[in-house]
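Chain lettering (A, B and C) follows the sequence in which the chains are written, and residue indices restart at 1 in each chain.
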Amino acid sequence: MSSTSTRAGRTGAPFSRRIAPRAGHGFVAAYVVLLIVFGVVPTVYAIYFAFTNAGNRFTGLSNFTAAAADFRFIPAVEHVALYLVFWLAALVVFVVGLALLLHRLAVRGVSRSLRFLYYIPGALAGAASVMVWLFLLDPTVSPIGFLLRALGYDTFGQLIAPGHLAVLFTCIAFWTGAGGWIVVMYGALNNISTDILEAARIDGAGPWRTARQIEIPLLRKWIVYMVILAFAGGTQLFVEPQLLSQASNGVAGRDYSLNQLSYDFAFQNNNVNGAAAISVELMLIGLIVAAVFVARSRFFDAD
Amino acid sequence: MPTDTRRPALPVPSGTARGARPRRREQPRRAGRRMLPNPLAAVVLMLFLLFFVVPVLWLVLAATKTDGQLVQSNPLAFGSWHALRVNWDKLTAYQSDAIFLWLRNSAVYSFGALVITLCVAIPAGYALAMTEFRGRRALLVATLVVMLMPNTTLVVPLFLEINAVHLIGSMWSIILPYAFYPFGVYLTYIYFSTALPRELLDAARLDGCSEFGAFTRVALPLAAPIVALVGFFSFVANWTNYFLPYVMLPQSSQFPVQVGLGTLLDNVPQFNPTVGSLAVQRPELALATLLAIIPVLVVFLFSQRFLVAGLLAGATKG
Amino acid sequence: MTAKVRAVSAKRSGKGRRRAGLLAAGGALALAAVTACGGGTSTGSAAPQQGFTEAPQAGGALTVWVDSTRLAAAQLYHKEHPSVKMTIVTYDGDANGSNYLQTKVDLFDRTGSGWPDVVFSTQNNEVSWAVPAAFTAPLNKGLIPQSTLAGWATGANNPCLVNGTLYCLRNDLAQTVLWYNSALMKRWGYQVPATWEQYEALGQKVAAQHPGYLVGSAGDTFTPEIFMWASKCGANQITGAKKVTVNTTSANCTRMASLLDTLIKDKTMSTSSVFSSDFDKNDAGKILMLPGPAWYGGALFQGTFKTPKGQIAVAPMPQWSGDSAPSVGNVGGGTWLLSAHSKNLKAATAFLTWVTTSNDYQAKVAPGYPAYAAAAKIWLANQASSGYYTGDITAPLQAAANQVWPGWGYGQFSQEAIWASTVTPGLNAGKAIVSMLPAWQKAIVNYASSDGYQVKQ
């Protein structure tokens, strides 16, 4: 027993787990019920929709081919791919960078207030921020109007040109999403032993080297985890184009992403089967990337 | 306009430094930090502060203006207390205090689901991490698959299910789906598997504790951080969800505040020109938005201490 | 220790599969239960009369869905008829591109219950999905007498007609007229244009003599409904339940497009939406003329721009010279639908008739120009006597109500959304509308096809 207790919170042997498998069932019973009712059944039903037609007859892959043949499908794939590049790059670089900077601050109060202030936009989800962005992106009334006009945009319409949308959506998504991730990364940084950092400081490492050689490697697991979730969220992009479409009365952001196309199929054409086909595709992409991560980090094992 | 707002929730960092000697975290000055921040760092932090805060500041100031001032005056100028008062009166007059009804509904749905989530997810995550039973891996895989499925096509089956048990239109049609929070289970799973030493549980079992006893007497007291974390993220996800209540709830008196805001938006003349005398002006909408986000921020402030602090509490043992 | 480890692992893999099997079985059972309960609609036992199979009539409370603007109508009816039990539900009215009604009806169809009895929609194209879904009841096969139906403005109920059967009733009209600033016109000595040629010439004159002033706006999503529709452009000829003919490059379309391009180049036609902040800030006080729908008067001039009273007047929409059949466009309106599943047809029909034709609501309370001609007369008189407008507004509005060109229909696809995503970005980038007409055509064809329409070009 003592040989297995050298590392905190971990034993190699499943000895202690073997006890009481039935109790394990008791603990998860309520969750399993919810999982089946609100998770498995709707998902299986959705997959069923993807392979059948409106008359409940099995149709093989025809929903998938029909969805792919829609004139909005290929542009949506391109949009989402471009958005993912911007979004993942911005998230990783800025979230990790800001967390590192906040962690270096000596005064706790400032760090805590900044984390709170960075988080506030996260509370403005969806419908709540339509008006905010409508005004923010209009150079005539925006608080950053001088900046937009300096960049050469005089009207809202010029700013929401199709070529700018990937960047705009990245900005909006980052604005709402980064605060929470910064808090999480900050917590991860707090778990790094101060001895290591002290040793590095004594060795003469400046902030850049410490970050590159100590902090980021120790954060790698969490960065990868953040990338996985951001990837799945990015492929399922919906809220940001929908909100810009509402703010601009349909000029920008309509049919921009695959998830919006799925939504249109379901609720405009009553084509739940086509919508399910796209949803299944999005789920599969997310699963493949997650599976790679899970396999490489042995996520499902004890720790 | 329906929006799908269930966002992926966030993971909790586990003890990445194994075998670290315990350090008291309540130190005002950390080793290796200088008192004066690097000026470049300060500039970067300030720039991002402006990026995050200026739109919110605009929103706060917008609530103090009239609609005309919103367009004509300086975006970051203060309006007037009088205009704020007028906006407040008009907002509360909308369908006679609908905004408070919506806030109350949101609170009921979010807290109700939160309680159930905690009662379900914490034991489930504990069991997944600390006990071995048949189907453990299958459960983890199933949870992951379900989490990655886009919500759009889940609405129809969910509606049919809720209808089959005649719960359409009752608050349970919202609370029960909200209570299913697989990410809370994953958070708990990670936390317990990395931060809770097995030795404690083994000792409790050797002492004759039942499994449930070991859970309540050993694991739960150490689980305060994860309870707060799961609670906060579950609360925010429930509070900001738009699409599920939009589809499930027939009466506007049952709407949570997110859907209520969508209703207000539909009555803004710039978005819907034919509203006539029932128009909701944009500053009122701004005020409503501020009311809608205040609870989230309050809960954040309350739980922020747990969000970054005590996760090490488990790692200090052993 | 090692032996036990191996034993545990073996146990884990074997039982794990069984557990997964249990999960799947449980899921399948639940799924079967749900599918058994779902689906299927109630069938009426009454013989098909009045053109459709009625649901068994059970009476009970009348369920009415309205948007918040029409809530006043439902409440007024309840006040005047206290014996009628009503359940009034407000929803978004399908405004802003929402598909709420269609979504909910689809869900109700799957569960077999829950439909409202009467529902208001801000959109005119609900029948494009509601008739195939058998949601809406035919109204001209006995439910509402022909004499009543004849009281609507000419062509007002066209969006509700499918193969000669009327499936909804129009609530209000939004016929386009020429709004203008009478004070400025007089001051500068201009004549109100009667033809598009005169309108274009005046626009060019204003550009030279009073730069900065506007004669119109082409930046809205409903711009095609004001200009293209009035010009008889064949971009949206709905010829059947799921049939459409699209031709955006005909002479009628091209000459209107080049008129708009000329004035845009001269900067007397704005490319910003009239509801945008920059229009409000920079242009609201510089409007000489503005072709637009009937509701511009209240919503735009009085509401948003707060133009001082006594300046705004109304003239008939310009026509192409030599055109013997004057035509105007239409931007909006709203429709009332009666559910074919209603268990309370008598009360529902009574409410429907009252709300679309009564003077108490349509003439006195309704914010929009009533589609029912008799109520419209009184409504107009009230507007005129308000003292805000100058000159006679009733004659042009009344005339235009009967001149809406019938060649532009309402399909399931939204013409406004197509223009917004196809043409408006090009306008913002400085492209000419004439150059974008083929792209506009392609987009309409694409959207119509993906909505299941048979498209002729």
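Basically, contacts are C-beta pairs under 8 Å (C-beta built on N, C-alpha and C of every residue); 3 or more make two chains touch, one makes a residue touch a chain.
The shown structure was predicted, so the numbers you read here are calculated from the model rather than taken from an experiment.
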item	value
If a chain touches subunit A and subunit B alike, it appears here	C
Dominant interface by contact count, named by its two chains	A-B
Length of the line joining the C-alpha centres of subunit A and subunit B, rounded to whole Å	15
Separation of mean Cα positions, subunit C and subunit A [Å, integer]	37
Sequence positions of subunit C contacting 2 or more other chains	8, 23, 30, 34, 96-97, 99, 103, 277, 281
Residues of subunit B engaged with two or more neighbouring chains	1-2, 71, 132, 134, 136-137, 139, 142, 156-157, 161, 262, 265, 271
Two or more partner chains touched - positions in subunit A	14, 17-18, 32, 37, 40-41, 45, 135, 140-141, 245-246, 249, 267
Contacting residues of subunit C [partner subunit B, same complex]	8, 12, 15-20, 22-23, 30, 33-34, 37-38, 67-69, 71, 89-93, 95-100, 103-104, 107, 110-111, 114, 122, 172, 275, 277, 280-281, 295, 298-300, 303-304, 306, 332, 334, 367-368
Subunit B residues within the subunit C interface of the complex	1-2, 68, 71-72, 95, 132, 134-139, 142, 156-157, 159-161, 163-164, 168, 246-247, 250-252, 262-263, 265-267, 269-279
Contact footprint of subunit C on subunit A as seen in their complex	13-15, 17-18, 32, 36-37, 40-41, 44-45, 48, 70-72, 135, 138-141, 154-158, 160-162, 245-246, 248-252, 254-255, 267-270
Contact set on subunit C toward subunit A in their complex	1, 4-5, 8, 23, 26-28, 30-31, 34, 96-97, 99, 102-103, 106, 129, 133, 219-221, 271-273, 276-278, 281-282, 412, 414, 416-417, 420-421, 424-425, 427-429, 446, 450-452
